[in-house]
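Below you'll find the structures, each written out as structure tokens.
Next come two complexes built around chain A: one with chain B, the other with chain C.
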Partner chain A sequence: MLQGHLDILSIAIVTAAACALPGVFLVLRRMTLMSDAISHAILPGIVIAFFLTGNLSSPLLILAAAGTGVLTVVFVELLQRTKLVKEDAAIGLTFPALFSIGVILISRFAGNVHLDMDVVLLGELAYAPLNRLKIFGSDLGPVPLYVMGTILVLNLIFVVVFYKELKLVTFDASLAAALGFSPTLIHYGLMTLVSVTTVGAFDAVGSILVVALIAGPPATAYLMTDRLSRMIILSAIIGCVNAVSGYWIAFLFDVSIAGAIATMTLIIFVLVFLVVPNRGLIAIARRHARQKWEFAQTMLVIHLFNHEGLPEAETESAIADLHEHLSWDPGFTNQVVKYALSNRCVSRKETQLILTAHGRTIAQQALVQ
Partner chain B sequence: MSYGTGNEWFPYYEQAFSEGSFSYRTGNELPYYEQVFSDSGVLGMQASEQKAIQVTDLTVAYQDKPVLWDIDLDVPPGVLLSIVGPNGAGKTTLIKAILGLVRPAAGNVLIYDKPYEAQRQIIGYVPQRGSVDWDFPTNVLDVVMMGCYGALGWIRRPGKKERELAMQALEKVGMEAYATRQISQLSGGQQQRVFLARALVQDATVYLMDEPFQGVDATTERAIVTLLQELRADGKTVVVVHHDLQTVTDYFDWVMLLNIRRIASGPVDEAFTSDNLRETYGGRLAFMK
Partner chain C sequence: MENLSILTHFDYTLMIVAVGAALLGTVSGALGSYAVLRRQSLLGDAISHAALPGIAIAFLLTGSKTPLILVLGAAIAGWLGTLLIMSIVRLTRIKYDSALAIVLSTFFGFGLVLHTLIQRTGNANQAGLDTFLFGQAATLLERDVLTIGILGGIALVVMLIFWKELKLLVFDEGFAASIGFPTRTLDILLTSLLVVAIVLGLQAVGAVLMSAMLVAPAVAARQWTDRLRLMVFLAACFGALAGVSGTIISSTASRIPTGPTIVLCATVVVGLSIAFAPNRGLIWDRIRQQRNRRNLKMETSRY
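Then we have the complex of A and B:
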């Protein structure tokens, strides 16, 4: 039983990390939908390679599917280049067509073959460990772990070796071209990697989870850091967190593992989106709130400052009448006065509100700006 | 092979005979006229005659719509040249064609007598500020170091030396205090200075800049002009796509007037005439000298 957990968990973790690496560059290049397209469009490649080899676990299937993935990118770009179709529409036209060709091929020629549509889309991680790698009778572990492990290593090598080139092409493709780093070459290198990753992963976890793992962790990491290298590392870590937490939720509630991991991807993104310092939703809301009170306080001290020492000062600074002079809601005025009192910008003198030295400075500074 | 522009080869031909050029033939398989007329031939190499940038008969089209029609442009070394013209005149396209970023339908570009691919190292490019995503997760120093990538070549990573070069370039544009700043926190003028620093780090001989004055504050504009003039003083050739006709005479010594075709090019006092401006801008010209 423990072995079963470990197998599934390790496949999920390795897949999540393998998807996060190219995912970072897809997210930064605003191309995440391409991974969705590739994950579907590879079906005819798999089917045709299966017809040729008659074997569902042939490595040729991965190559053929990866080839179809790159072909998808080419089709999309050719359509786009006509300038008659925008990128999103080009993707929308290309991948359902290719996917359907795969479906038609299966239903016409391989009705009795085990190529289940549900498994293609959602995958069945629970069954992944059943496919064992056996050499001379000894069990070396689940095949998908080896497949995804190899792909993870490939992705890691590509990202580490071509880190500089990937960064330059992603940030400024025209400078890259001017300096002699072919953006097209890097682009297709990355797309080949995305295709291979997608093919390898979809067998284990299904195409929906592939897209979730390619887009989710990098999008989450993007909120957390300003450095590309950290974004890559964080993406891999977040991918693993998603995989592990999703797996345990699936185990506890007895639901689809792939579904639970995909859901956790969104939940963790939303959590980070809310709580991350500086640019998280909560941090922004607090900053806005603070700015609102700060600004109201500044308005108050400027009002007091402008009338300070003048004949009308007594009426203008009467606490009870302040809301009328400023045309503020009485409750709001009360809160602003309390806020200003607690910040020692003003002090109470009988029925009057008078400026402290600190409050006078604030008013003067605000007026100078 | 390029034979130079129309009226230039003839004097060389004359010169060849008057100076007894037959001695040049020894050890050379080329027939003498090839040798004499060729840009890369010995006789064409007098320093004063060499062109920093030579554009000949360049036509660029998107589909069948021409963006540049048969452009000829000779830029001598050490000038500060502005390319001006109305929106859609093809200014950016011309820069991109010189850089080999767009494929011409016809014509040829040479940088110091060689095609661009052979001269990458001596060309610094400053793209339009708006052409990149300033929310990209990186800091100022990192962006400036990208200027070193060409010299590093594939795979090799920037190191301590590149970091120092980048800091020096940042100092030249007055941005050294911002080295570790996230690029999304920069103002427009600061972004432009970072882009300039990135080109300076290349220590190029020829600089091509696409609208470096676009949307920058007056201080940055002054700083950029000073920098451009320093580059020229160092013997660099600087080509700038420019929008503001009012400042052309103050900032630049050469000008090219462009509107799909070349209207005029040359020293500002020769080419920047109201007739040429009217021809370039048609009825849309609000500014007259």
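Then we have the complex of A and C:
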């Protein structure tokens, strides 16, 4: 039992980390949807390789599928290069067409062979550990773990070795080209990795949920940091958290593991979106609220400052009439006065509101600005 | 003789399916034009995947498999997904593509979770996931076609009523906002129309391929004209053409699924348009290049 948990969990974690690494660059380069396209378009590659080998776990299958993935990228670029089709439409044309070919091939010729569409599209992590790697009769663990482990190492090597190039091409492609780094080469390198990762992961989580693993954690990390290196590490960590929490939810409620991991990806993304300091929704709302009061307070002190020491000061600074002078709502005016009092910008003198030294400085500064 | 064999295939059921596919192609082609022009071609993909949890929840709540209830659930979920995409883009620095990918995959994943829940309750009357993913055009009934016709017709009428506003939104959103059009409301309106088209198409072509029904006819139509009016009209025609021809081709042999065939037909239309369309098309372009080269040679040889 424990071994089963460990097997599935380790596959989930390794897959999540392997997907998060290239995902960071896809998110930053605004090409996340290429992963969606690739994950669908590899279907005909898988089907044809399956017809040739008759084996769903043959390495040829992974190669053929990854090749189809790269071919998808080439198709999209060719379509774009005609300048007749924009990038998004090119993607939206290419992958459904390739996917359709795959579906037709399956239903036309694979009626009596075992190639289940659901498995390709949805995956089933629970079955992944059943496929064991056995050498000389000794059980070395589930095959998908080794496949994804290898892909993780490949991705890691690519990101570490080409870190500088990736960073440059991502943030300033023209500078990269001017300095002699080929953006095209890096682009295709990255796309090959995405293809290989997608193909490796579809076995475990299915092709639609690969997109959740590739896009979710990096986007979540993007909300949290401005540094590329930190974003990569955070993405990998968030991916693992999603995978582990998703797995336990799936186990507790007896539901699809891949689906639960995707659901956790959404929940954690939304949570971060709400609470992250400075950029989160709550922080933005609080900043807006604070700015509203500060602005009103500044208006108030400027008003008092303008009339300070003049004959009309007595009427202009009467607390009861302030709302008329500032043309504010009376209730709002009361709250602003309270806010300003609590900040010691003004003080109360019988029915009058007078500026403190601090309030006078604020008014002067605001007027200078 | 080939023609005759196609004709004999044209029985009643096939006709219903063909009419349904044609209506669907018309609606999605016309509305897809806006998505393509706004560079939101993949929004359809996101909406159609995001609809899954809605279908599952509608089924869990009502226990019924009535198409209209499931369609309503799908529409609400697809619509919520789009709103989430819009607010992510507006409120964070995450770009459109990532927002789309997140909503698409995670909503779908949540739908999958609900689906396994339904399966576990052992309810035999469960909403088929395969049907959702790949559609089952062959199961279209007369009343389904009627639903497609009525709801799609309403969507098209709304599109025509707001023609001017939507046109402005598509081509110059900033200007539309500056002269006082409520662009966000219009954005939501346009998205809602897309949601209607997509949800109607789920039963026929399924979630994965629905996006192609929005994109392909519009891209093909774009090659033939620079006028929105003509483009929307042509896209509707191409959509209908793909629907009918796909249905007929898939009926000529056994075990050719209808949805993918329709998509491939639409793709062929795109390929032909990109190659042959006057002015923009590739062949036209090649001819123009050669003529320019010849003219240039003649001009330069004078000096």
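The rule is short, and it goes like this: the second predicted complex is superposed on the first by the 369 of 369 C-alpha atoms of A that agree within 3 Å, B and C clash if a C-alpha of one lies under 4 Å from a C-alpha of the other, contacts with A are read in each partner's own complex, and residues count from 1 in each chain.
Quick note on the criterion: contacts are C-beta pairs under 8 Å (C-beta built on N, C-alpha and C of every residue); 3 or more make two chains touch, one makes a residue touch a chain.
Note that this is a predicted model, so its numbers are computed, not measured.
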Touch test for A:G149: chain B only (first), chain C only (second), both, or neither? neither
Look at A:I104 in the shared chain and tell me whether it touches chain B only, chain C only, both, or neither; answer first, second, both or neither. second
Which holds for A:G45: it touches chain B only (first), chain C only (second), both, or neither? neither
Figure out whether A:L168 sits in contact with chain B (first) or chain C (second), or with both, or with neither. first
For A:G239, is the partner it touches chain B (first), chain C (second), both, or none of the two (neither)? neither
Tell me the contact category for A:Y222 with respect to chain B and chain C: first, second, both or neither. both
Tell me which partner A:M231 touches in the superposition: chain B (first), chain C (second), both or neither. first
Counting only touches as set out at the top, which of chain B and chain C does A:A178 meet: first, second, both, neither? first
Which residues would you name on chain A as touching chain B in one complex and chain C in the other? 222
Chain A to chain C touching residues, read off their complex: 27, 30-33, 35-36, 40, 79, 82, 84-89, 91-93, 96-97, 99-101, 103-104, 107-108, 111, 117-118, 121-122, 208-212, 214-216, 218-219, 222-223, 250, 253-256, 258-263, 265-266, 269, 273, 279, 281, 284
Listed in rising order, the residues of chain B that touch chain A in the complex are 63, 96, 99-101, 117, 120, 123, 125, 127, 131-133, 136-139, 143, 146, 149-150, 152, 154-158, 182, 184, 198
Partner chain B, residues of chain A touching it in the complex: 28, 83, 161-165, 167-168, 170-172, 174-181, 222, 225-228, 230-231
What residues on chain C touch chain A, complex-wise? 36, 39-42, 44-45, 49, 88, 91-117, 120, 129-130, 133-134, 208-209, 211-212, 214-216, 218-219, 222-223, 255-257, 259-261, 263-264, 267, 270, 274, 280-282
